[in-house]
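The structures come next, written out as structure tokens.
Note that chain A is present in both complexes that follow, paired respectively with chain B and with chain C.
Now for the complex of A and B:
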């Protein structure tokens, strides 16, 4: 009579799986269900009426939803690319520094400590049309004599949000790419130089492939957390003015809590979740592809 | 000779450009934060002044005094918020670390079926946007009656932190050579003893930085906290920041002061972990 002993890794992973099931999976199943109902917080009974795909049909034909969706994807694409480029530049600047590298690295981590809500507030303060640092500086330098309505005009507000987002997350890229640059063996670079490569060629064919996986780690970490932009937008413009900076996430929270239409909001939330998962899976794939490539070459 | 001088001059120019570039980048990184700190010490009149006052004329701790003087005198229940934030962050970090250590160890030391898909699955639970998760959680929590309690937020934050903690700790355990623990087991340790006496101390600094990372995540979280808290019972600092905004006016100075209070613990902790954090995240990058 020997009892079945579960394998060790199963036991070790059990707590993690239990917690995630209780707090993430089960609520998500519930919200999947409620996305098929006309559930409103104010009418609890509406949770038990099934309406099929009507919520989904509704959001898929809703121009407001698609605008928010498009804006979210645009923001993410632009932000991730800009962060990647700036992070690469910053990492290379710091790597070249001969003295004070430790201090520079510490300063570089500075934005990482800011909670997104603080980043939002800080840039709301700086971009304030009346008392903000940006307008004050522009006016004092005589570049403009009117107050630029940074957070009031739709596309300027989008730009301001983009700046806040890029400021807060570039350091993730910079730090990881810098780690890649420092971990890189020096011989291939020297060999390339001896063989007569130009600096650009050295960078393109030697350095770049090596730091790729590090860049993808940064991308993956960022994509796990893209919805952080909600906090920034929430405090900077709250989707305003007149919904011109509405992102998917602010739209969800408005539909769910201000309009109390939970069922509809849950349907939207599922689209947002799919978007996040898509981003993450894409970068995970890239990450493992880059890893195998590195392993094969070095 | 001429070529030599030219090359040297070019090198000189390059190094100047490099220094200027570095300086500009660092200024852009630091400026917003420093501006907030400065604004928290300036009187409101000066912040609002038109044309702007660039050189601070008078600095004072008034904003901080007002903040701590309690509700009604221009303050907010800062002490309660701070306490809530601290209790929730510390507890959820401790639990997430315990769970993450078990999980990370499993990923680093065992081979099992569908390992990489389980790993990806765990990570995917982290990608669920906070606001999307808050909808069903809000409903479940209100049914269970744990809205506006520490317990509710702690549970949510544990789940939020577990995937990433597993990722980090997995990386740190991989850096500890397997042979060490095996040697200890040959010398008569049980696997349990080998873990605590050999592998845990070696991975210790890394685990600590995973802990600090989890702490910061909970400390800074807003999307869930803003929906799952209602009153001073459980409101955390990020939610408290919104106390300073009303429909049309914002107490800029007060918000700046609170921002400074929020950032200090994060600042200290990040400085402690910075080195280990990067090595944990990248450990798998090259060796696969």
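Now for the complex of A and C:
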């Protein structure tokens, strides 16, 4: 009698399944499980006490969490919009360049080459109230004689973080939108000019609908980036002063490692991931709608 | 009144002149075709009229007014592009109504005009589709609809039929001709296809290397070409053009073969003159199979061997060797020919052309 043999496709996929299970699926299940326990890193035994949804209930009523949540959404919204506008402007300028366009494109990508940690340090130095470049410049220009406390005042610190984010990531938009502009057929633009469009109308009715999908691709990529925004904030303010620049992930990492409350942190992380998924789904919907509109073949 | 005048119009890219100071008067409601091989400057000229290319020198006037520096939107023209250039994100209806919307007309005023144009072009059932859902011919019609709706002073067509297959092209050619009869606008039509130019235009402008070679009605350019270039460009298959010398009142080819000097050139050439002899395939035919009876005084008979035939059903193109070169003739009312068969060919010299070999200009008076 022959023993049971697993089907060939399963056998062939088994190595991949094993690797995926080891590095993704098991940690995922473990972390989801731990979010239903009062697991503290200092008390390993607490991993085996189930407390049901208590962590989640606690988060839902935690004002600190929702403030960080709201601030993350705000950062996301403002940063993406500013980056989009600047990226669009940059892309359109570079597209107009008749000479040295390749060089400009390369230069445009420089900010993407730096680690966010280094960007954080650089902007922390620039916005330093005593020795920073920004205050120095403002004072030399005679715009102010005060040392503006960039990283100490809550809303100024938020602004400084925003500037750092925008500086490091505008090029994502610029590159993708430029790709869209370069791929765009020129005839519809000429047709629009003959049809009576002013340059602004040509952009509004012809160019923009065409490059919209490219902007949405950039949006989708960046929305994941900003929703996990951590490094720049960690370096520049570490969520301070007095938690006034606390974002979701700085809060979660503090809860997990400083307070050692891994169970609660995992619960927070799952809520945060939900936020990421929502943004991604939203932009993907927009993207596919825009693609259908221009009848893109990709 | 939408007359279009080009006065010493020049287009220069850096130090390279692509249009060399051309002059052209287009009458109101005239259908003008600019035709020539690629790179002859015909599209550039059209784009200058449209305002898509700046004018380097000279003037463009529409209705007597110089429009050199007006942006395209202020010229009241409509242009149909080779690639159709439809707006991919708009429906057919929106594409056609776009210029009116831009001009600030109300939706309720736009709708009837779009419907009217759609009826003319048989597009009514397609109004809610997007360009990507249309075939090439339908896109072409939408592009024309978009132009008609504007009710422009001048229509510009930039090789509008080049992307269509042969059958559709013939069909659309007829549509364009009907359309012009209906809308009665001035039309400037660029094409490299001499058949389109011949069938559509009131007058044809033949361009070459940025110069105008000849302007004339289709009959003019076909029957009375000013130059060797025009003679070879207009007509399909092209005119037989062979270099020859004039000697003893005859046309003598390089290998010594000779034809009588056509009567109308007798006083216009001198012995020893270097010429190019031209004869259309229509005027070279097997005896009894030509347009003419072959009995006229100016018909020269010659026995030739058939090398190759191209039967087209109603006629057969016959290739044969004469004077050390290949000649093509047209056999009407054809019968089957075998390669190598000897036939008596008629050279209808009353229709022959002589050009100066150096300048390429015609020697006709």
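Here is the rule we go by: the second predicted complex is superposed on the first by the 271 of 298 C-alpha atoms of A that agree within 3 Å, B and C clash if a C-alpha of one lies under 4 Å from a C-alpha of the other, contacts with A are read in each partner's own complex, and residues count from 1 in each chain.
Everything that follows uses one rule, which is that a contact is a pair of C-beta atoms (placed from the backbone, for glycine too) under 8 Å apart; a residue touches a chain by one contact, two chains touch by 3 or more.
This is a predicted model, so every value here is computed, not measured.
In this overlay on chain A, chain B fits alongside chain C without clashing. In the superposition on chain A, A:187 contacts chain C only, with no contact to chain B.
Of the two partner chains placed by superposition, A:289 touches none, neither chain B nor chain C. Shared-chain residue A:93: touches chain B; no touch with chain C.
When the two structures are aligned on the shared chain, A:109 is found in touch with chain B, with no touch to chain C. Set against each other, chain B and chain C differ in how many residues of chain A they touch, and the higher count belongs to B. When both complexes are overlaid on chain A, the residue A:175 reaches chain B alone and has no touch with chain C. Shared-chain residue A:209: touches chain C; no touch with chain B. Angle at chain A between chain B and chain C, computed from CA centres in the superposed arrangement: 80 degrees, to the nearest 10. Contact with chain C, but none with chain B, is seen for A:195 once the two complexes are overlaid on the shared chain. The superposed three-chain arrangement places the nearest Cα atoms of chain B and chain C 6 Å from each other.
Where the contact sets of chain A with chain B and with chain C meet, they give residues 294-295. Of all residues in chain A, those touching chain C in their complex are 185, 187-188, 190-198, 201, 205-206, 209-210, 293-295. Within the complex formed with chain A, the chain B residues making contact are 18, 21-22, 25-26, 28-33, 35-36, 39, 47-48, 50-52, 54, 98-100, 102-103, 105-107, 110, 112, 118, 120, 122-137, 139-140, 155-156, 158-159, 162-164, 166, 216, 219-223, 226-227, 238, 241-242, 245, 252, 255-256, 259, 262-263, 266-267, 269-271, 274, 278-279, 281-282, 284-288. Within the complex formed with chain A, the residues of chain C that make contact are 50-52, 71-73, 75, 77-79, 81, 83-89, 98-99, 102-103, 130-132, 146, 150, 156.
Residue ranges of chain A in contact with chain B, taken from their complex: 7-10, 12-13, 15-16, 19-20, 22-28, 30-31, 34, 89-90, 93-94, 96-97, 104-118, 121-123, 125-126, 130-131, 133, 136, 139-140, 167, 171, 175-176, 179-180, 183, 213-214, 217, 221, 223-227, 230-231, 234-235, 249, 252-253, 256-257, 262, 265-266, 269-270, 272-273, 276-277, 279-281, 284, 291-292, 294-295, 298.
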